[in-house]
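One chain, chain A, appears in both complexes that follow, with chain B as partner in the first and chain C in the second.
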Partner chain A sequence: MGQIELNNVDYKYQPDTPFEATALQAINFTVETGSYTALIGHTGSGKSTLIQLIDGLIKPTSGEVTVVDHHSTATSNSKDLDQLRKNVGIVFQFPESQLFEETVLKDIAFGPKNFGKTDAEATAIAKKSMALVGLTEDFAEKSPFDLSGGQMRRVAIAGVLALEPEILILDEPTAGLDASGQAQIMNLFKQLNVEQGITIILVTHNMEDVAKYANQVYVLNHGAIVKSGTPREIFANQQWLMENYLTVPVTTRVAQKLIDKGYSFDEFPLTVAELSQKLIPKLKGEQ
Partner chain B sequence: MFTKVIFGRYVPIDSVIHRLDPRSKLVLSLYFIVLVFFANNWQSYAFLAATTLATILLTKVQLKFFWEGIRPLIFIIILTVLLQIVFSAGGTVYWHWGIFSITSMGLVNGVYVFMRFFLIICMSTVLTLTTPPLLIADAVESLMKPLLKIKVPVYEIALMLSIALRFIPTLMDETQKIMNAQRARGVNFSSGSLIKRVKSIVPILIPLFISAFNRAEDLATAMESRGYRGGDHRSKFRILKWRGADTIACVGMAAITAGLFLLRLL
Partner chain C sequence: MIEVKNITYSYPNSDSKALNDLSVTIQDQQWIALVGHNGSGKSTIARVIDGLVEGYQGEVTVNGMPLNDDTVWDIRDQIGFVFQNPDNQFVGATVQDDVAFGLENRNVPRPEMVERVQQALEVVGMSEFATREPSSLSGGQKQRVALAGAIALQPKILILDEATSMLDPQGRQEMLEILKQMKQRFELTIIMITHDLSETAMADRVLLMNHGQLVADAQPEKLFARTQVIKDNGLELPYSEQLKEQLAVAGIDLPREYMNEDRMVEWLWDKLN
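Our next item is the complex of A and B:
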C-alpha cells in the first residue's frame, strides 16, 4: 500500500447540471513514500483535477482517495478533507496569486502559523525557506507585490515549503521562469526528495525534467490513466507518445535517430549525461 | 462552492426562448416584474405562477436544475418574509410578544410578498439563463440609444456593462483558485469563530483585488493598442434582429396582462 492511493476514482465537475463535465474516470494511482512521480498529459487531460483530489480540495464523485491514513470519498465532510491536507503541500499553477501579506517574510510564515506554529517558530521556518529558494535576506521586509514575476514565484514556493510537508505536489512550478531559475528550483525539489525523503508529484509539460528527475511516470489522456511506468519505459515508445500529443526529451530523440542509423544501446539513454557517457567510448573506438 | 447557483448564468442550449431577441426578452421580463405588483388575490398570483412555469418549461432547462439553482435565494426570501410577518398587524391576532405579533393579515401579506419575490427571481433567471451576458449588454445599448439625444453616454455605459458581465465568471474562477491555494496553506473557511472566519477572507480579497486591477489594466492597454473608439464608428459583430417570434411573445404578454386584470376583479 502506497503513501497515496487512488482507488477507482471518478470526478465530475458540476454533476447533475447542464454543465456536467467528466474530468477523471476510473483512476487507479499509487505513490510510494519518498518517490518522485511525474504526471504528464496534454492540456485539459485532468492533471490539476487529480492533484486537487489528493489534497482534499475536492472530493471524488465515486471511488476512494487515501493519503497516509486519511480517506476521502463522495460522502466525506469538510473535516475529513481537512485531514488530508495536513501532510500535503501544493505549489499551484501560477502560485503568485496566493501572495497577500505586507512583507515577504510574513507571507511565507502564513502557512505554518495556520497549522499551529507560534510566531517565532513560523518566522524561523520562513527564513529557512527563503534561503532554500535562493532569496537573500534583503527580501524579507519587502512587499511581495514590488517583486519581479520570478521573485514572486520563489516567495510563493517558499510559502509552501514552509509547511514542511511530507508530500509536495508541484503543478508546473517553473512555467514562465528563466532557464537558470528553472534549473535552480528543480534541483531544489530533487534535493528535498533525496535528502529529506519528501515524496514529490510533479505535473509538467517539460519532458526533459521528467527524464532527469522522476522515477515513476503516469500519463493522463482525456481523464484516464493510459500508461504508467519508469521514464525509460514511457519514453522508449516515441510513436505512442506522439499519438498522445506528448513530446520526448531531446536526448531520447537524438538516441532514437542514432538507433535508426544503426547504433545500438544496451540501455535506452534518457539524459544528456547518460547519452554522452554511452557515445564517448563508441566515438573513441571508431577513431 | 458557486457551482449550484444559477442566478445570472447562461445555459447554452437551444429553445424558443433562447432564440428570442434579447431586447424583447429584456423588456418583457422588466414588464413582467412590474406586472407582478398588480396581482392582488390568490387567483391572480396563481395565474402569474402558471405563466412563469410555462415560460420555464419553454426554456428546456431541466426543472430540477432550475429549482436547485434558485433554492439558495429562497432562504433569503423566507427570512425577509418572516420579518414581514412578525412586524405587520391587522386581522385576527394568533400570537403576540412585545412588538412582535402574528396576525391573519400578516400571514396573507407574507405569502403575497413571498410570491412576488419568487416570481421576480424566476423570471429574471429565465432571462439570464437564456441570454448570453454580452447580448444583454447589446440589448441595453440598443434600447438606450434614444437617450443619446439628451447626452447620456450610452455607448460607455453599455461597454462598462458588458465588461462587468464578461468578467463575473472569470473572477469567480479566480476566487476558487485563490481559495484553493489558501486552503492548501491551512486557512479554514468553514470552521472557527466568526472573527476567525471574517479574518480568513483577507487572504482571498487582497489577491482578488490585485488580479482584478491587473486584468483591468491589461484590458485597457489591449483596447487602446488596438485603437478602440466607442460610439457610432463601430460596426457590430452581433446584429440584433426582431423576428416573428418576438412579436408573438409581446402579444402573449399582452394576453397575460389582460388575464391578470380580469382576475383582479374577482
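Our next item is the complex of A and C:
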C-alpha cells in the first residue's frame, strides 16, 4: 500500500447534465513514501484534475482515493476531504500570485496560524520554512511584492512548506522563471525530497526535469493512465511518446538520431552529461 | 514601425533602473524575440510600448504616432498583448464570451463579432471549447484562448509575454507554427518575450536584454554561437552548445560556429566513424 493510492477512480465534470465531461477514467495510481513521481501528459490530459483529487479539492465520481490513512469516495463529505488535504501541500502554477501579506514572514506564517497555531509557533515554523527555501532572515520584514519573481516564488513555496506537508505536489513550478531560477527551484525540491523525506509529485512538460529528478513517471492521455515506469523506460520509446503528443528530453532525441544512423548505446542516455560521458571515449578513439 | 528612443524607467520604490537609456527600432512585419533573465527589463519595455507604464523618460513612436495620453488608445488598438498568466486576463463566462470581450468594447457589429470570434478560436485550435467556462480549462488551453482574444482584434502588432510558458512542448511548437501563419496572413509584427532561446529560432532578430539595456541584437544563429554572452546574461545555452561545452572540457576539438541539432548529430556521426 503506497502513501497515495487511487483505485479505479473516475471523475466527471457536471455529471448527469448535458455538459457532462469525463476528465479521468479508471485511474490506478500509487505513490510510495519519499518517492519522486513525475506526472506527464499533454495539455488537458487530466493532470490538474488528478492533483485536485489527491488534495481533496474534488471527490471522485467513482472509485477511491487514499492519502496516508484518509479516504475519499463519491459519498465523502467536506470534512473527509479536509483530512486528505492535511498531508498534502500544493505549489500551484504562478503561486506568487497568491501572496498578500505585508511582510514575507507574515505571509508564510498565515497558513499555520489559520490552522490553529499560536503566533509564536507560527512564526517559528515560518522561520524554519524560510531557511528550507534558502531565504535569509533579512527577507523576513520585507514586503513580498518588492522581491524578484524567483524570490516571490520561494516565499510562496515556503508558505506551502509551513503547513508541514508529507506530500508536496508541484504544478509546473518553474513556469516563467529563467534558467538559473529554474535550476535553483528544482534543486530546492530535490533537497526537500532527499533531506526531509518529503514525497514529491511533479506535474510538468519539462522532460529534462523528469529525466533529471524523477524516479517514477506516470503518463496521462485523454484522462487515462497510458503508461508508467522509470524515466529511462518511458523515454526509451520515442515513437510511442510522440503518438501520445509528448516529447522526450533533447538528449534522448539526439541519441535516437544517432541510433537511426546506426550507432548503438549500451544504455539510453537521458541527460547531456550522460550523453557526453558515453561519447567522449568514442570521439577520442578509445574503445 | 516601432521606435523606442532613450527610454529610462524605474519602478516606484526602486532605486535600480528597469530600463536604462534603451533605444531600438522594430520594422513592420518583423518577428522579434526579446530575451533576458527575470528582471532584465524585457517585460517592462513591452509594457511601455503598449502604453501600460507611466513616468518614464524618452519617447515611443508606434506607426508614426508618438505615444502620449491622447494617442494611447489609438496605439493600443493596434497592439494585441498576451500576458504570461492567462488567469489575469479572463473576464468572460464562456470561452467565446471571453474572446468577444475586446470586440464588444470596440463596438464591432454582432455578425462580424461572431465570425471573428469563431475564426480566432479556430486559428488556435480551441473551437470545440467555445461554450466552456474558462476556469475549466488547463493552463495551456487558457493560453490559447488568451491568444485568440488578442488576434480577434486583428492587431498590427502582437506582443506575447512568455505566452507559451504553460503549454506542453508540442503545444508550444504548434503555437509557434500558428504565429508563423498568422504573421504571414495578417502581416503582423511580432514581439515575443521569452527566456528560452530554443523558442527564438523562427525570429528575424533576437534582442538580448540585461540591466534594462540591449546587450545583443542579432539573428538567432549568430547569437547562439556567442556562448559567453548568453551565459553572462543569465540564459541557458542552446542544447548543441551545452553538449559542445561538455565535449570541449574532455579535450575534444569542436567547430566554433553554431550547429543546430541535426547538424550536431551529423558532426558527431562523422566523428564517431
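One rule holds for everything that comes next: the second predicted complex is superposed on the first by the 272 of 287 C-alpha atoms of A that agree within 3 Å, B and C clash if a C-alpha of one lies under 4 Å from a C-alpha of the other, contacts with A are read in each partner's own complex, and residues count from 1 in each chain.
Methods note: a residue touches a chain if its C-beta (ideal position, glycine included) is under 8 Å from a C-beta of that chain, and two chains touch if they have at least 3 such contacts.
As the structure is a prediction and not an experimental result, all values here were calculated from the model.
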**Message:** Taking chain A as the common reference, can chain B and chain C both be placed on it without clashing, or not? Answer clash or fit.
**Reply:** clash
**Request:** Report for A:Val160: first if it touches chain B alone, second if chain C alone, otherwise both or neither.
**Result:** first
**Contact breadth on chain A, by residue count: chain C or chain B** = C
**Prompt:** When the two structures are overlaid on chain A, which partner does A:Leu132 contact: first (chain B), second (chain C), both, or neither?
**Reply:** neither
**Request:** Return first, second, both or neither, reflecting whether A:Val68 touches chain B, chain C, both chains, or no partner chain.
**Result:** neither
**Request:** Using the touch definition from the top, say if A:Leu188 reaches chain B (first), chain C (second), both or neither.
**Result:** neither
**Request:** Figure out whether A:Ser97 sits in contact with chain B (first) or chain C (second), or with both, or with neither.
**Result:** both
**Request:** Could you tell me if A:Ser148 is touching chain B, chain C, both of them or neither one (first, second, both, neither)?
**Result:** second
**Request:** Could you look at A:Ala124 and tell me whether it touches chain B, chain C, both or neither (first, second, both, neither)?
**Result:** neither
**Request:** With the two complexes overlaid, spot the stretch of chain C among 37-45, 109-117 or 253-261 whose C-alpha atoms clash with chain B.
**Result:** 109-117
**Complete:** Both partners, chain B and chain C, contact chain A at residues 13, 97
**Asked** For chain A, which residues are in contact with chain C within the complex?
**Response** 13, 41-44, 47-48, 93-94, 97, 146, 148-150, 172, 175-181, 205, 207, 245-247, 250-251, 253-254, 257-258, 261, 263, 272-273, 275-276, 279-280, 282-284
**Message:** Quick check: in the complex, which residue numbers of chain B touch chain A?
**Reply:** 3-4, 6, 11, 13, 61-62, 64-65, 68, 174, 177-178, 180-188, 190-191, 202-203, 206-207, 210-211
**Message:** For a test of understanding, state which residues of chain C touch chain A in their complex under the given definition.
**Reply:** 13-14, 36-39, 84-85, 87-88, 136-141, 162, 165-172, 195, 234-236, 239, 242-243, 246-247, 250-252, 261-262, 264-265, 268-269, 271-272
**Message:** With touch defined as at the start, can you tell me which chain A residues reach chain B in the complex?
**Reply:** 13-14, 16-19, 52, 55, 57, 78-79, 82, 85, 88-90, 92, 95, 97-100, 110-111, 113-115, 145, 159-160, 163
